[in-house]
Amino acid sequence: MQTSAASASMPPNTPRLITRIDVSKKAWEQEPILHNRWHPDIPVVGTVEEGELFRIETLDWTGGQIGDNDSADDVKNIDLTQVHYLSGPVAVKDGCGEPAHPGDILVVEVCNLGPLPGDEWGFTGTFDRENGGGFLTDHFPEATKAIWDFHGIYAQSRHIPGVRFAGLIHPGLIGTAPSAELLAIWNERERKVCSDGPEALTLGGCLHTRPLALVPEPEGALLGSVPKDSPEFKRMAAEAARTIPGRENGGNCDIKNLSRGCKVYFPVFVEGAKLSMGDMHFSQGDGEVSFCGAIEMSGFLELKCEILRGGMEQYMTPMGPTKLHVMPLFEIGPLEPRFSEWLVFEGISVDETGKQHYLDASIAFKRAVLNCIDYLSKFGYTKRQIYLLLSCCPCEGRVSGIVDVPNACCTLAIPTAIFDQDIRPKKGGPPVGPKLITRGDAPMTPYAGSLPTFKNPCPC
Amino acid sequence: MQTSAASASMPPNTPRLITRIDVSKKAWEQEPILHNRWHPDIPVVGTVEEGELFRIETLDWTGGQIGDNDSADDVKNIDLTQVHYLSGPVAVKDGCGEPAHPGDILVVEVCNLGPLPGDEWGFTGTFDRENGGGFLTDHFPEATKAIWDFHGIYAQSRHIPGVRFAGLIHPGLIGTAPSAELLAIWNERERKVCSDGPEALTLGGCLHTRPLALVPEPEGALLGSVPKDSPEFKRMAAEAARTIPGRENGGNCDIKNLSRGCKVYFPVFVEGAKLSMGDMHFSQGDGEVSFCGAIEMSGFLELKCEILRGGMEQYMTPMGPTKLHVMPLFEIGPLEPRFSEWLVFEGISVDETGKQHYLDASIAFKRAVLNCIDYLSKFGYTKRQIYLLLSCCPCEGRVSGIVDVPNACCTLAIPTAIFDQDIRPKKGGPPVGPKLITRGDAPMTPYAGSLPTFKNPCPC
Amino acid sequence: MQTSAASASMPPNTPRLITRIDVSKKAWEQEPILHNRWHPDIPVVGTVEEGELFRIETLDWTGGQIGDNDSADDVKNIDLTQVHYLSGPVAVKDGCGEPAHPGDILVVEVCNLGPLPGDEWGFTGTFDRENGGGFLTDHFPEATKAIWDFHGIYAQSRHIPGVRFAGLIHPGLIGTAPSAELLAIWNERERKVCSDGPEALTLGGCLHTRPLALVPEPEGALLGSVPKDSPEFKRMAAEAARTIPGRENGGNCDIKNLSRGCKVYFPVFVEGAKLSMGDMHFSQGDGEVSFCGAIEMSGFLELKCEILRGGMEQYMTPMGPTKLHVMPLFEIGPLEPRFSEWLVFEGISVDETGKQHYLDASIAFKRAVLNCIDYLSKFGYTKRQIYLLLSCCPCEGRVSGIVDVPNACCTLAIPTAIFDQDIRPKKGGPPVGPKLITRGDAPMTPYAGSLPTFKNPCPC
Amino acid sequence: MQTSAASASMPPNTPRLITRIDVSKKAWEQEPILHNRWHPDIPVVGTVEEGELFRIETLDWTGGQIGDNDSADDVKNIDLTQVHYLSGPVAVKDGCGEPAHPGDILVVEVCNLGPLPGDEWGFTGTFDRENGGGFLTDHFPEATKAIWDFHGIYAQSRHIPGVRFAGLIHPGLIGTAPSAELLAIWNERERKVCSDGPEALTLGGCLHTRPLALVPEPEGALLGSVPKDSPEFKRMAAEAARTIPGRENGGNCDIKNLSRGCKVYFPVFVEGAKLSMGDMHFSQGDGEVSFCGAIEMSGFLELKCEILRGGMEQYMTPMGPTKLHVMPLFEIGPLEPRFSEWLVFEGISVDETGKQHYLDASIAFKRAVLNCIDYLSKFGYTKRQIYLLLSCCPCEGRVSGIVDVPNACCTLAIPTAIFDQDIRPKKGGPPVGPKLITRGDAPMTPYAGSLPTFKNPCPC
């Protein structure tokens, strides 16, 4: 009796550990050292072969700045120059030792991921309006925080009692390294947003989050093993891109579906592809509206890579001035939590002052989120709690209609099963009196700035 | 042996027919006559009681302007002042005969819906850029059309061969009548978009669809049983709102999930609620990107209503200058087609010229759609065919990340099972040579205007 | 501009009506006349071509013996020689006019189905133990009935208040005609069960349903257009198989998943295949435990056929004495109602007297059903109501473990969302006192026979 | 700012380790020692409090008898007196220190589970007919084996190439300890099956698996920390129940849905409940037809318990001679892998010799499995490979119809997405010639016994 394949050819099943994290140490004390900028010259921390199963551990995106406690002061005072500590970059080669080349596609399969054993908790926050803000910072300018406990697949929070849901764990940030050319494109176009300022037409109706963009900033930069006092570091730090936005290389896309079993197709811009990742989320709502925003945690990923030679030209049509103007694509995995009943909130592109905008899906989505916050706050929660919740629970944000001038229509769908009460509308209205269970509040540190906040003009 | 309830109290099961449609007749020849504007004074065509099952039939949204043939000329020459023929309005009362009042919520349950027997076909089109355009009209300025045949739950098209999918039938347009006050608000804010013109900040990056808004237009108006030559008609037609955008009353939201088994909670603005509906879709993709855009058809709905007295104040927080600035919400039904495998395309708010926009979900979604069109066109389709397909197949558009300055990240997810070939990326690239099955093209009538169209600046 | 296919080649979309049903008439008054036996010589009522969409209407399986009222007397007194009135048989040919041949596979796609317009109700019953019984007839020997009202996709019953669910409509009975050889095999093996009697080893633990099998019975036979008084009728009626069991040709399989969008692959035993169908169900639970048992209704099917020439040899391995010992297979459609939360009951092959049986899945399933009935009766229902409910609601019966000697393990999973209360176990137990809402009972006609019924030996 | 709950009251998130497994050691070398029999007096290995998260590790069910190699000899020669090594028992108390009492319900929530890090593989086997056999041992009397590699959520096998699927990890065996009274009931009823022998009516049509039952057997017994040479051990081993069948306490139910997020409600028979578990499966098909049958592995579980005081009387109706004749129930978790397309095989209770049985779901299920094996073997696999595959892939076995005398109808549904080829029926038949990819075979050790095996009587 012959078997169909030699067992020798099978890859070992226990993933090879590439980056180990010790959560009691700082990002720059990890071995190998992490990085928090995009730059083609950040040295690789390891090389993996096509088909090899490997493991990457990551710090939480703030590098440990937020504590498991009941104060939002650490969120208010966070140093945002020091965030998005990434593990990697990892170089990828094929079975013959040939590395991934620019123009290839790097297929990354997320075979497994999760929180780090012994560190089974996470946080969701909203930044102070002067320090990062969030999608609704004009409504909620203060810093807030919720701590989440993980019990296996489930998350629950002492700061938002009465909700519980299975996580859809994913890396908020994963991507290949940019080439020098791509890096220059990023820096130029993002600088222009800042220099054009808040009156530019590119801003549409969304003026309320600060800053407009984050340009390269040597302060706080960490570039892996590049010594901090080297000329190399100085050069690189001055041009290395910040990590906040998702871009052509993937990056901080904050797509909640990049979870167990998904396959991501990344463009390759540099030799070896140089894959980096971090900012893991136990769960996130579409939009990640509070900005600090998913259930943020340290964690691990078990990955396998494949190289599609020449795949960029075969599959990714550039759109823009260069061949680099492409975007990743991905396949969703088979293990997303299953929900059947959804309550859905609509929003159109009329803003909350009554002003008409034109096919602006951002405004429409904002209105749907605001509608949902107000609605759910009738069930014993503060609006702050719901704002935090919508940022991290498995809600779905949809561009439902984008052509019916002048109104885009966006929707936000909430799975009703995450609540311990029935939140659907009923005759008689929401619970009142002894039937209304109040749910406390999330820790909050007041806003001390002077920017105006939203006052609902409705006389009600 | 006693039974638990008297059968006498059960509502009859066969739905009461309120509006019958004869597709061989014009909108104004139907009995009762249809309407194509929003106005509080359009006379009701019937009154239903809470819990009563009733049936409404509807014309396709163009009122029969588009034919089941292989030319796109009818799409190009469509008269857009004469669209969105609606059935209704229906007044709703409770079991004591008391009508729904302003301030109530009207719950509408979609018990069933479908195409009209004997008229089992539909169409998807893209308008000429001079006459309505679409989300990508700068890329696709020409008029195109695809005819779809319904075989039970499935749709297939001779103009886009090789795809087939189960419909998620829904009314593109359903809503309650506005009060005079709400109507005035609509007209004022939409007129301002037009008067501010294309350089206004409210337009963001989405400048490419014409017109900016559609203000009241007596030409082509149909107001139910109000005689065309009456002073009443003249007054009403001058102030009646156009039906294109979704608004506070629901309306043309084009939300594909308003299907079998869903429950929609509408605000009530006028006595009786006055529910109208039309523009039925056999299937639609999130966004309905081509504008003429779902699989448009005539059809029927079987509905039940319930009144939540005082529900607006209980459940809907107004946001804006008046108590009328609210939005509907809904519960999704249990019968949406099931798909497991999805291929997902990303887009960020850098437009296709390389210009950086700021957290603009509309731009990000546009990029995701463009990426998907280019990708899928590698499998034997023309880009026009895919543009039509994405407008009407069960694809999902998501606001994935809306906080990572300056880039919003939107995604478009395509269920792979609707294709007769495997459309996932593979080593070796898409099919070429004899393995590539070409799929013809959709009927097209060339663009004869002079507006510039998009030229990909990429040197490739 | 060329289109990819000539529209002329498209099949028409409105299905061709083959059999129309008038529910005010008897089975033998319909045109064409129905049939209620399997026989190769029953004349065809129409011929369809591959790919053609056609429509078949059907009577409810009792041919109208059961009324929409509050008495179970009609169920008790039903004439079971006169059931399973089928529509058809339909002959199938290919595009060249060549009929399906024995040895081919007939693919039947269920494009759509539903209740007959104007007849939107159904019934579930349990037969009297002396007249058909049911899976639990030793526990519930009396005749009972529940009437269901259809409101679009939903069913609800005045006899089992507080539950409501979307239907998964399907034909309980659909199949191809047997050849004379197959008919003889059926009759011989089923006669043997009767002649071996209730002590035979083939009966395992399931002794409680009567009769053992139903052999050919001229009384009550209806054979389509074969005149009742002809010699042909006499010959055929003496050998025509009864329709109760599912067999090699499909037949009365009562598989709830044969719903919208499914594709069934039937073996072809006679020229033209001769497809017949009936016994439509608005909804059924796995097992259809009460026997009269789904939500029984009149209805329509819209179907398309395809012929796989030589498919039986290619795909269906016979197992048994002849080449005819094969079984159909099928693909499930995409539109089954979606449920997320399930409460599941276990049963093992120890019967309710405590007696150990050996790997008997029927006993194990019986125990799971009994456990579920007792459990759910704690929520205000009588056991009779739950027995009826489990027979027709969308519950799933599973063979979970079939190898752990001596116990098979079966499970019965109930979707919790069909109830208007939370039926999950909780601290404090089920509702009592004023919190317990009683739900009346289903109509019942007492058992007047003398067979012993189950007395729970448990001293509790 | 107050938070809604003191963090001090939150249970710690990192689960407390109760039983650690070292897979390089034997079951009796583990600390604490495992056990492989059910007995009320097996000493507890730890006590947990309601709500506390704890971790149990388990050996694979054979205690390491099967190797990751390409021979089936170890399966053939397995010592079945030494199987089902269980971890535990764990005692459960409430927050006041009061243990669970007989009559309570123990709620066990499976918060997480998985393979042991560093031991990411499993096996599926079929036993030799002389040593355990399996559901189809009359068809497949030989010992076979397939080794599965785990890559994160996915399993794949070098012995069954071309299939890959996400696991639905679960403990095959989990249950509370029996009381002495329940133990006596088990032993008595199972001894009777053996003494009645293979001609007893309790056996129905399923005669082909040996042995009939496994009565208490001191040889090979392991009873936790009870010393092997103590009088206590001798007494207990003589009366301790074997672990093969599922019973009133749960036990070896082999229900594949007891996975992440499920909640099981167990009856409590002894003070402290004494929960034990083992026999973890990476994946299993309904039925676990090959008996050695799922993807067997070592693993871990993270659990939380709750006590429903007096729950047995409140929720579980005994059926049988004593109050102990009850069964567990459970809720399914939200994370089962998602599949959309299923190919389904039917079986009726006519056995493969053509003999008619009476409503025998075991026979009907056997026929469905056999039909599926034959069908899938047309796609390049041996029947042995498919038999192994159906035992461990996520297929669903249903009791579809159980009332249509004399035929039960069972179905077996296969998710088509687990194959790397399209396994649906098509015009032209299955692949032949160069299009047929052969898939080798699984390791096999021939059957050397003399029992007759099935010969298909079909002349084909």
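A few notes on this one:
Letters A, B, C and D mark the chains as written, and numbering starts fresh at 1 in each.
Just so it is clear, a contact is a pair of C-beta atoms (placed from the backbone, for glycine too) under 8 Å apart; a residue touches a chain by one contact, two chains touch by 3 or more.
A quick note: this is a predicted structure, and the numbers were derived from the prediction, not measured.
The pairing of subunit B with subunit C is characterised as same-residue: of all residue numbers used at this interface, over half are used by both copies. Across C-D and A-C, it is C-D that has more C-beta pairs touching. Subunit A and subunit C have CA centres that are 50 Å apart.
In whole angstrom, the spacing between the mean C-alpha positions of subunit B and subunit C is 40. Our note on geometry: subunit C versus subunit D, Cα centroid distance of 31 Å, whole angstroms. Residue positions of subunit A touching 2 or more other chains, listed in rising order: 334, 338-341, 417. Against subunit C, in their complex, subunit B makes its touches with residues 1-7, 9-11, 13-14, 53, 68-70, 72, 110-112, 117-121, 147, 149-154, 158-159, 161, 166, 260-261, 302, 304, 333-339, 439-445. Interface residues of subunit A, counted against subunit C in their complex, comprise 338-341, 417.
Of all the residues in subunit A, the ones that touch subunit B in their complex are 105, 107, 134-135, 185, 189-190, 192-193, 199-206, 209, 211-214, 244-247, 250, 252-257, 265, 286-291, 293, 306, 308-311, 313-323, 325-332, 334, 340-348, 350, 352-362, 365, 367-368, 370-371, 374-375, 378, 396-411, 413, 424-427, 429-430, 456-460.
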